[in-house]
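Here come two complexes built around chain A, the first alongside chain B, the second alongside chain C.
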Partner chain A sequence: MTDMAIQATGLVKQYGGKTALDQLTLSVPRGEIFGLLGHNGAGKTTTVNILTTLLPPSSGTASVAGRDIRTQPAQVRRVIGYLPENVQFYDNLTLNENLMFFAQLSGVQHPAARIRTVLDIVDFPGHEREHMGTFSKGMRQRAGIAQAILHEPAVLFLDEPTSGLDPQGVATLRNIIIRLNRELGVTVFMNTHLLGEVTRTCTSIGILGAGRLIYQDSISATLDSFPGQDSLEEIYLSIAAGTPS
Partner chain B sequence: MAEVGVLCRKELKDLSRSRAIAMLLVFLSAVILLSVLVAAADYRVKLAEYTAYADALKAAGGSPTPPPNLFPLQMLRAGIEYLEIVGSLFAVILGYGLVAKEKGSNTLQLLFTRPLGRHAFAGGKILATVIVWLVVVAALFAVVALAVLLAGRAQLAGQDFLRLAIAAAHTWAYFIMWSLLALTLASLTRQPASGLVLALVLWLVIVLVIPQIGDTMDPDNQVPGGLFTSLQIDRTNEKALLTHFASYETGRDFVEQTSATKQYERAVFAYLGVKTQYNQVPLGAVWDATSHNSLWLLTTSVFTVAAAFLSTTRETLLRKLP
Partner chain C sequence: MSVWAGTIRQETVAARRERLPQFLLVVFLAMVAASAFIGSAAKGTVTAVYQEAVREGLTSAPNPFTTISPLYYARNTVIYIILIAALLAIVIGAQSTLRDRRARTIDLVLSRDVPPAKYLAAKLAGTGLLLLFILAVAALVNLACIAVATGSFPTPAQGARILALFGVAWLFLIPFVTLGMLNGIRCATATSGLLVPIVVWSIVIFILPLLGTAAHPVSLLNPVSKAAPAESGFFELTSAVTGPLSLGEQFKRTTALILEDPQSGGTAEGGLLVLLGFFFAACLALLVAGPSHMRRELHG
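This part shows the complex of A and B:
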């Protein structure tokens, strides 16, 4: 049993003649909240899509919770939860019906009980009978996290989870992610642009540049390694510019 | 298989609450009902005219000629035309929506990070389409039959109900064909709207252009009311005359037969007795004369089911995400 929740070696993804990922090698230990940073087009979403088996890599290998994404994609899907950016769900269905649908598709044994549990975890009770078409962005994200953890995944992938949320929504979601990680032991892999949130939420970061991992370390080590920089934003900009101080 | 059932139930629930779909179906029902009511009024007038004539003749000591051929199912002619044109258009919109909304709301990514079988998504969508149209068509034909009975004050025999059921089955296959064609095209195109445009172009060609070409080429359509009727040429002589234009008629027939809409119309009009030559003809004889139309329609529908099943896979949908 490996201690790595995610292990990728030499991942390459090409779209036509364009290389989105170029020999990406990455390891995320179990129990981490890992933030993947990078400019637009750096390959963050492609990385998540490959690790969640939505996209096949052009070459290279990767495993999630010990399951190979190429040879065991169905097993990978059983141990991951995923929340894409700007997911809308089925507006004509209630929250309970949406969650019941995803619980049944995931083979959850006692879906009704599990739905109550996950709604407690994301602190979102009392909205089960409301149609999701009436939900705000923040409510949708909480519902999204709830659907992602219905089947008790080992690794949770979040693509820009706090994008478009108001400060209160960001704080709420941050607390949920931290609780999932600390209390339930879920490894979290998130793409984000909000560097302030990364500092508050993540335990480690990786920075992608032109499809390659150009930096990876824990948050505390990163902040210690750049004594002249006041914030993660400054550190990120200096690393991304290829001029670490 | 359980996943197919889960996906299908979700789809049915979603569709049953869709305001847009409800409005389209209410509109379709209303125009069909209206067309039957108009035809029923005309039917009642003709029946009353004959009854008055027969009564007057009897009172004068004469014996009236046999009643005119008032076949009540002929009231459905305009309704069937609405189904083949407007209904098929709605079927295209429904089929397109089944994939477009999943692509537009990013729910495909949620579905495909679940341990689903390769064809579970397609299976759920196809099954939902089949069930939706079964329910809608059954309801439409039940309403239509009631309208014929009540508004037309017509008497329907057991065989008439069978004819209605056969027409409904053809309509069911026809709608499934259009919905699954649109679903296939929306799956195969990166932007679902492009798939919709393609489906609408095909709809335009199959539903409007080809039948119009066939009608324009029909010699009997060259004069309002019918060329042969206006020249007082009866059916036997019409057939004898057309044998001199066999090649032309074969070509015209071939053009029409390339349209699934025309196949549907020919079969349904025959079973309902809308076409005079099939009026009061036993069902077996109608089958003998039009089985190729029914079988072509069935083949086309089965083909679209296969196309939807094979095209609406995880690989295709994820490769074609907007």
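This part shows the complex of A and C:
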């Protein structure tokens, strides 16, 4: 069993004539909270879509929790949880009905008990019988995390999880992600634009530029490596500009 | 097994709470209930005219409506199945797949170990069961209204024939459910997701029979269609092509035999085979063509 939760080698994705990912190679050790950074259109969401098996790569290989995304997509899906950007649910169903549906799709053995457990984990009890059409963005994100961990995944993929949340919502979601990682040992792979949140939440980062990984290291090593820069934002901008100090 | 159970449960609960299916269901059940009383009113009117004719010495023939079967009162229901229940089936089917696209939940579904064809099959099973329940309720409403209109319950044999009518209706309606589901997956908007199947429905129910029989459009709204005068000329050729594809006419012909309509002829097997053919072809089309379109927006 490899120590890498995610390992990608030479991933290429082309849409028509446009190259979204260009020989992307990265590895994320187990137990990390990995933040993938990059400008709009850098290929972050495409990377997540490929690693979650929603999208096949044009070429290259990748494995998640030791399962190959090309040859073992079903096994990959069993060990991952996924929260897309702007997660939506069936608005005319209650939270409990939505979670029950996804629990049954995931083959959870005792769905009712598991739903209670995950709602405790994301600190979201008492809303089970409310229709999801009435939920705020922050409530949807918490429900989104709950659906993603119903089947106790080893790796959790989060696409812009804090996008559009108010500061309190961001802080709540950050605490949930850290708790999932530290207490339950879930490896987290997240795309985000909020660099302040990356510093507080992630243990390591990667920066995508034009479909390639142009930087990867731990947060502490990154901050130590750029002594002239005061914040991750400055470091990110200098790396993304192709002028690391 | 839990994929089937979860999806069927989700389908039935979600569809039950949507307004357009609710509205069409109320209209359908109301018309099924009314059809028995419309038949009763028609019988009353004809009998009054007959009695007037007897009083004036214009006829000595027996009243043809005296010994009419309770199945007579179910005949108008066939038209409401073709007109309203078929639209209800299209709406239930289209909203089943449009719901996933509107809610963007297909990402969440397909990031799990659920083969798309299995998921679509489970959705079809859910909508099929919902439709079966609706038709069972409609059958009970029809039986109850016939009992009220005639003052006596249909015999067990007649009751079985009415239940058979609704069973065949289920076979007839499932292709419309799959048509709705397929268009819900393929069409960019909810409007086109509903409009395209409704256009196909109007072609199958109205235009193909017209091309094959030269029937007057209004006559297609009769529960029993007359045999097509297609012994020679243009309509001989077109009826051979369009006849089997005229799903509504095949349904009417089959149910007329089930309801022992004296104007009907032949056997029900031919019509049933056509309905079964459409049923299996539609299910197959959904399971073969549907999965490749479920995530097409990702593939650029």
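As a working rule, the second predicted complex is superposed on the first by the 245 of 245 C-alpha atoms of A that agree within 3 Å, B and C clash if a C-alpha of one lies under 4 Å from a C-alpha of the other, contacts with A are read in each partner's own complex, and residues count from 1 in each chain.
In this text, a residue touches a chain if its C-beta (ideal position, glycine included) is under 8 Å from a C-beta of that chain, and two chains touch if they have at least 3 such contacts.
The structure presented is a predicted model; accordingly, all values stated were derived computationally and were not measured.
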Fit or clash for chain B plus chain C once both are placed on chain A? clash
Quick check on the superposed pair: does A:Arg77 touch chain B, chain C, both, or neither? Answer first, second, both or neither. both
One more residue to check, A:Phe102. First (chain B), second (chain C), both or neither? both
Using the touch definition from the top, say if A:Thr199 reaches chain B (first), chain C (second), both or neither. neither
Of chain B and chain C, the partner touching more residues of chain A is C
Touch check for A:Leu93: first (chain B), second (chain C), both, or neither? both
Once the structures are superposed on A, label A:Ser218 by its partner contacts, choosing first (chain B), second (chain C), both or neither. neither
I'd like to know which partner A:Gly16 touches here: chain B for first, chain C for second, both or neither. second
One more residue to check, A:Thr53. First (chain B), second (chain C), both or neither? both
Overlap of the chain B and chain C footprints on chain A, residue-wise? 52-55, 74, 77-78, 80, 82, 84, 86-93, 97, 101-102, 104-107, 147
Help me check something: in the complex, which residues belonging to chain C touch chain A? 2-3, 5-7, 9-10, 13-14, 17-18, 99, 103-105, 107-114, 119, 295, 298-300
Can you list the chain B residues touching chain A in their complex? 2-3, 6-7, 10, 13-14, 17-18, 104-107, 109-116, 318
Could you please specify the touching residues of chain A with respect to chain C in the complex? 15-16, 18, 49, 52-55, 74-75, 77-78, 80, 82, 84, 86-93, 97, 100-108, 111, 147, 151
Provide the residue numbers of chain A that touch chain B in the complex, in ascending order. 52-55, 74, 77-78, 80-82, 84-93, 97, 101-102, 104-107, 147
